[in-house]
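For clarity, chains are labelled A, B, C, D, E and F in written order, and residue numbers in each chain start from 1.
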Amino acid sequence: MLTAILALALLALVFGLLLGYASIRFKVDSDPIVDKVDAILPQTQCGQCGFPGCHPYAEAIARGEADINMCPPGGETVVMALADLLGRDAKPVEGGAKEKMIAIIDEQTCIGCTLCLQACPVDAILGAAKQMHTIIESECTGCELCVEPCPVDCISMIPVKVAPATWTWPYPVATTQKQPNA
Amino acid sequence: MPTTIISSPHLHGPANVSNVMLRVVYALLPAIAGCIWLFGWGVLINLLVAIATALASEAAVLALRRRPILITLRDGSALVTAMLLAIALPPLAPWWLVAVGTAFAIVFAKQLYGGLGFNPFNPAMAGYVLLLVSFPQEMTSWAAPAGLRSADLGLVQVLLHSLTGTLPAGMSMDALTSATPLDTLKVQLGMSHTVSEIRGGPIFGLFGGKGWEIINGLILLGGLWLLWRRVITWHVPVAVLGSLGLIATLFHLINPELYASPLFHLASGGVMLGAFFIATDPVSGATSRRGQLVFGVGMGILIYVIRSWGGFPDGVAFAVLLMNMAAPAIDYYTQPRVYGHNRG
Amino acid sequence: MDLALSSRDHTEAAERMMQNHTDTARVHRHLWRFHGGLHLPDHKSLSSGQQIQPAALPKHLVLPLQQHIGAPAKPLVEVGEHVLKGQMIAQADGFVSAPLHAPTSGTVSAIEERAVPHPSGLTALCIVIESDGEERWVEHSPTTNWAALDASELRNLIREAGIVGLGGAGFPSFIKLNPGARTEIDTLILNAAECEPYITCDDRLMRERADEVIAGARIMRHALHARHVVIGIEDNKPEAHAALREALARLDRSDIELIQVPTLYPTGGEKQLIKILTGKEVPSQGLPIDINIVCHNVATAAAVHRAVELGEPLISRIVTVTGGGVVAPHNLEVLIGTPIDDLLAQCGGTRPTLARLVLGGPLMGITLPHRALPITKTGNCILALTPGEFGQHGPVRNCIRCGECARVCPASLLPQQLYWHARAKDFDHAQDYNLFDCIECGCCAYVCPANLPLVQYYRYAKTEIWAQARDKKKSELARERHDFRTERQEREKAERAARLAKKKAALEESPAADSEEAKKAAIKAAMERAKAKREAADVAPKNTDNLTADQQRQIEEAEARRAAAAEKEEEVRK
Amino acid sequence: MVDKTLRQIAGDGLWHNNVAFVQILGLCPLLAVTSSVVNGLGLGLATLLTLVLSNVTVSAIRNLIRPDIRIPVFVLLIASIVTAIELAMNAWFHELHGILGIFIPLIVTNCSILGRAEAFASKNSIGRSFIDGLTMGLGFTVALVLLGAMRELLGAGTLFDQAHLMFGEAARTFRLTVFEDYKGFLLAILPPGAFIGLGLLIALKNVIDQRRATAPQPAATMEPATGMTGGAN
Amino acid sequence: MLFKKMLLSAALLGLFAVFGTALVAFTYEGTRERIAQNERDSLLHSLHALILPERYDNDPVADKLEVHDPVLLGNPLPQQVYRARKEGKPVALALTAVAPDGYSGDINLLIAINHDGSLAGVRITAHRETPGLGDKVDVTRSDWVQGFAGRSLINPVPEKWKVKKDGGVFDQFTGATVTPRAVVKAVHNALSYYQQHRDTLFDGGGTTAPQQEAPHGG
Amino acid sequence: MTEYALILVSTVLVNNFVLVKFLGLCPFMGVSRKLETAIGMGLATTFVLTLSAICSYLVNEFLLAPLGIEYLRTIAFILVIAVVVQFTEMVVHKTSPVLYQVLGIFLPLITTNCAVLGVALLNTKAQHSFLESAVYGFGAAAGFSLVLVLFAAMRERITVSDVPAVFRGPAIALITAGLMSMAFMGFSGLVKG
């Protein structure tokens, strides 16, 4: 019995040394998975996922604390990409996918209070105190964060306009094939 | 604004799934007639039970999934599955055996994956193997071919047997069944008989089993018709038959008393059916031409290995399932070179 | 003949002599074959007997600003302005773009969003011209001595004439006539295949105007310094072939090879034609010019001839109006912008059996939602199909992996794999299977026994991938800007904290400065700082660092609107 | 009464995060030994015991050990516990031990045990870890028993055959012959039957989940109860 | 620093190893007897089914012999012989043997032979025959194997030591002749072996099992 | 020589670890969503399994058996395995960053793969010699990798199939594994004994 204990303790001691050495020698510094997750997120920075922005959400996902389907702006695409990256099963997006919107300021009503400007996470609003504010269309992520703060309710969300160049073919519906038109 | 957007092309060729499946059915008819002539009415009853079960179970799943039933049933694939399974089963099988196998084929091997086109395994062979491993006794008692059985059953008697398991008084199952040529070969080789001794037995014909040669010929006929109608291509059958024939020749030359002749191998068991009707199943097989060759060669090798050294007298069904398993990987590694991409 | 003999022309002449050796040497160029393809019932006889006729001058012409690949043209005219036939009414905006010319004389009645012939059925900005019926030409001058021009001058002429590819894609032709850094263009291919069923406009063009085609080919060759010129024509157009051969012989252009290729859809696809004629393959994601080949449609060649030698910009094209749904199929010379309805009317109207109206051929054309759409530069055919002409159409089933699609795919793709992944919205895998090498020829969908709308799946996947790329770019930008903002906020916070700390330290350090004077001075200084800050803010609004040109433009526009609004307010106040 | 969170832990172990049906872990013993109810139950209980003991031990020493040798220490502990249990089984359930064979020592590598130690016990108090181990283990045992029952019933037409292996000679009478004169559906007791059977059970769980998601949520007490009825079955 | 950390890790791991091993070692000590007893019991249990306990008074598990005959016992490995005696006189023995030509490989047998050369009984201890077919040789599936009790080399006569299908007296199962054929052959071989070595097999008796090798059969 | 070949055939096909012996199922189900990862996992497992089979043999033969403490096998083996895995990781990390990219992430998963411990235990049970142990370990891993890769390729296909909602995910994967296992029954009897 003593031999048993001794033998195994010795074995463990040797292995312990080895492992201790290995653990020091090969410490992983940063978590590259966070960056990978972050790269997939849409960077709307809207906070709908319950985290203060995309990067914190990415960290939470990497830590295994958050599910991968909490980003409504990202929709199905992001869930699938995350599922793929992390080897988890894809599931429907929490809250469902949303139509793409951008904000627009009614320039006649704006009083130039700069509140929206402070709220915008991506600096897509231009203006200065007491001056009319404008949203740079190409930069607005449609996060809606500026809508709430406006004291005169002059910001509204409108769907992004589709042009022939940005139009996408609809997903085929099985039964529409070979149906005559005109 | 248009209501629905219709994409080009605005023309369509003559091919459609139902036609393809129907052609397979037609191609099977000569072999079925031959089987009925050789093995008796049991074959017909198997067919009827299988078809009824296949359609019913497919309809049941579709109903559960709230999918259109009639349109789907009309694609004919369940019919093909049922027919192929039915002629692979022992002619005097009880009805429940046929029904269990067919239902498993349709429900588990096909519909659970989403139905026609999605199943990774060949449904008919999945059903067959299920029966083989679950009910080996029922699956190994084959009706003796015409001329070799000491008694004959009429249609009603066979029906009665299938439904209730009873035989007319004074008739025993032994009088109606006999071991198949492959089974006999395997068992007797196990008893250290030589091939030529075994081949001298009454159930053997010119080069294969008595009667089996004819059936295989009829299947070959149907298969050639399929080839001619361009339902299948030559790759799979040639690869299967070629590789099996080649290996069999090789071993036969090494020791003819231990290894049966290539002709015997080609004309026995399910090889012809497998090569022309089963391995050619587009859904569960490999798609690319090169992939089909790999698929067929793999099948030929497996058939020979299982027959010669494995536990089962015939290996066609297993070979099909095993190659089905490999088909996605084969497809992945045999992609054609795309226009404008470098070789390799 | 009228080519100035340069050193390169010596070699050219030598080659020509070699080729002249026997007449058949040319005709018997070794032909290759591409993978797949379809033999289709061609239905060309419906319209191939019909001579090209001018279409009636319509009352209104609608000219979308984008009729080509690239950026939309920028209008040069204003509503109410009178324009002359051939006058440039919109100019190219950027390098990949093409100008637009008035197809007839008249008045610009609107510049507005109108429905355009596009699969989406959406609207786009168009110039609408009300014709005055006078067909008064703007002053235009032929360039007879084009051989004396250098290539870039020629290209400029062609660019100014608004010529874009008439073979379908509508790529600005002058770009394709620019060999760039490569001095050696090996082969100029004239695409005379016209491989889609029903269409006969190129066929008629070659039969009736073979000289124009050849003249255009010579100009193109001159611009490109191409060593060989090959016209590839399918062998189902013997008359056109004969006409071209006759013209070539007559003009003694034995340096232009006229090659009959077997009829097999889609021989007319640029990549396929190149493969057939040269055995070379255009690299994936690459261009023909990467293998020193350029391919133009025969009608494009004719248009180049007109632009250079007659000085006429591209204002009309030949359109085949055909199909079982139209009473009298025709080949019409149509002014760009003519409503399709007018063309159908000129062909005796449509039959009640008409089931679908298609712009383009039956394999690649787009479905038209209605008839009130204009013909654009790329519209080669109007096809009125009846139900009997669609072929077999059963219910759509699942793919059975029969592999027929892969057998016919001219790009050697695995269409069913593309389908599986597009269907599952697994775009990465679809791209792994080379989705973007698909030329959308429709062969796969034609043969698919499951009746799958395969091409639509690919188009869906392609446009979604592009949309995702746009979104991705946008989100990258958003991330940058968000990071920048966070950084700025942190910096400001840190600065504030530092200031506060300094102040506190200062206060603690100099308790002596407790005097009234010091306090006052401090308050004054603070007020001054605040004022300066306010002023600074007035002069330079926040957020104006790191702006792109686009943003700058938007800001300017906003400022302008604001100024206008202020003016208005002023007026109201008055 | 269990407080809310403890109940959640229990619900997780038995149903929502069931080792077998949701985490898809511990599959090897799950599939290998479930050719009968009794085998399943035997291994299930052994695993349950291991889980509880290892969870409690790990929780007890959770503040002692350093992160770099955490895993080896856990593995070592689990291996010791398992070996002790194996020896005990060999002593008191000799025949069962023979039947379960290699799968008893393999409890060591049952991913769920190390998983629980890592994910739960090393972060929670002893009491909570105990509940977690108990319910996780129970959930796993239930899965083993269900699958065993399914396969035994289909394959041999009986239930609780050879119950004496666990409960002593008196238990021979437990055997329930459900189908008299049953042909035996061999597939069920062969390896493929194990895979397919578990697949079906998981699908069944999905069906129940789906039903419950659509039906108005009943009282929360339902959750563990559902798992329990499965166990008492 | 690094070294210290390593040592610490090692020490901790070693510590837990000591704890773990101690736990196991204690359990081992506590169960060792019982496990050995279990093993004995289960072997005895099998023997009892063939040789009734009233028939002997020695400890057959201890009175064991290892013999070797690849041909007649079907396996190149040594086989065990357990001997039962009453008042020192040989009563019967049970020997392990293998039927190598089963349908799916080896079939392990325990064959009990009375001193007079008649069979006391046969049991299948391990096999891999097809469930539902060949596995009927297992006593839990059918009582086919009971049919051997009382047989001997002369009962039936050697030509009849075959399955019925081959003209013998032993039943086969429908659709599975290979397995019974293999078992019948193996039992017959074992009887022959017994006959050849009958004299030496009971030698060296007593309760202490000699590691004696029986002479080779020829 | 033939006996090694037989061991190989037996472990890869006839007694396939995953489909017949039920070992290593968790990684089989868990790491088979993508073909590429499956290949990586297969390679990593093959390496570790062979190595740990050898090491366990050595520990058993030269430590446990001489001291008569075979009952500590499980503990000793699992320690060996943990160390082999760590060690492999270390070596791979040091020698080939590329290989580490491919295999590194799978290594921690292997410790809890029962196939590894299973091979060690089965080796001692079957009293394999040194070489036999190594071949057995290698064969087991090769069989594991083979079915893992095939399964992954199938699963990629199945994920784009129209599987009924309740069967999507693990359920249909298990049923597929069941059908695979059924197909593998075809090999039974190839190697007797």
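Everything below uses one rule, namely that a residue touches a chain if its C-beta (ideal position, glycine included) is under 8 Å from a C-beta of that chain, and two chains touch if they have at least 3 such contacts.
Bear in mind that the values here come from a model prediction, so they are computed numbers and not experimental data.
Note on connectivity: the fewest steps through touching chains from chain A to chain D is 1. Shared contact partners of chain D and chain E are A, B, F.
Of all chains present, the one whose mean CA position sits nearest the global mean of protein CA atoms is F.
The chain with its Cα centroid farthest from the Cα centroid of chain A is E.
Between the interfaces B-E and B-C, more contacting C-beta pairs are found at B-C.
Measuring from the averaged C-alpha position of chain D to that of chain F gives a distance of 23 Å.
Centroids of chain C and chain F (each the mean of its C-alpha atoms) stand 56 Å apart.
Averaging Cα coordinates per chain places chain C and chain D 65 Å apart. If each chain is reduced to the centroid of its CA atoms, chain B and chain F end up 34 Å from each other.
Residue numbers of chain C whose C-beta contacts span two or more other chains: 119-120, 356, 367, 369, 390, 393, 395, 398, 426, 451, 453, 456, 459. The set of chain B residues touching two or more other chains comprises 2, 5-7, 12, 108, 114-115, 118, 130, 133-136, 311.
For chain A, residues touching at least two other chains, in rising order: 4, 8, 11-12, 15-16, 19-20, 23-24, 84, 169-170, 172, 176-178, 181. Under the contact rule stated at the top, the pairs of chains that touch are A-B, A-C, A-D, A-E, A-F, B-C, B-D, B-E, B-F, C-F, D-E, D-F, E-F.
Residues of chain C touching chain F in their complex: 398, 420-421, 423-424, 426. Interface residues of chain F facing chain E in the complex, by the touch rule stated above, are 71-72, 75, 79, 188-189, 192-193.
Contact residues of chain A toward chain B in the complex are 169-170, 172-173, 176-179, 181. Listing the residues of chain C that touch chain B in their complex gives 34-35, 38, 40, 119-121, 197, 271, 275, 281-286, 356, 358, 360, 362-367, 369, 383, 385, 389-395, 397-404, 406, 410-414, 416, 433-434, 437, 440, 442, 445-451, 453, 455-456, 459. The residues of chain B lying in touch with chain F in their complex are 65, 108-109, 111-115, 118, 120-121, 126, 129-130, 133, 302, 305-306, 309-312, 315, 317-319, 321-322, 324-326, 328-329, 332.
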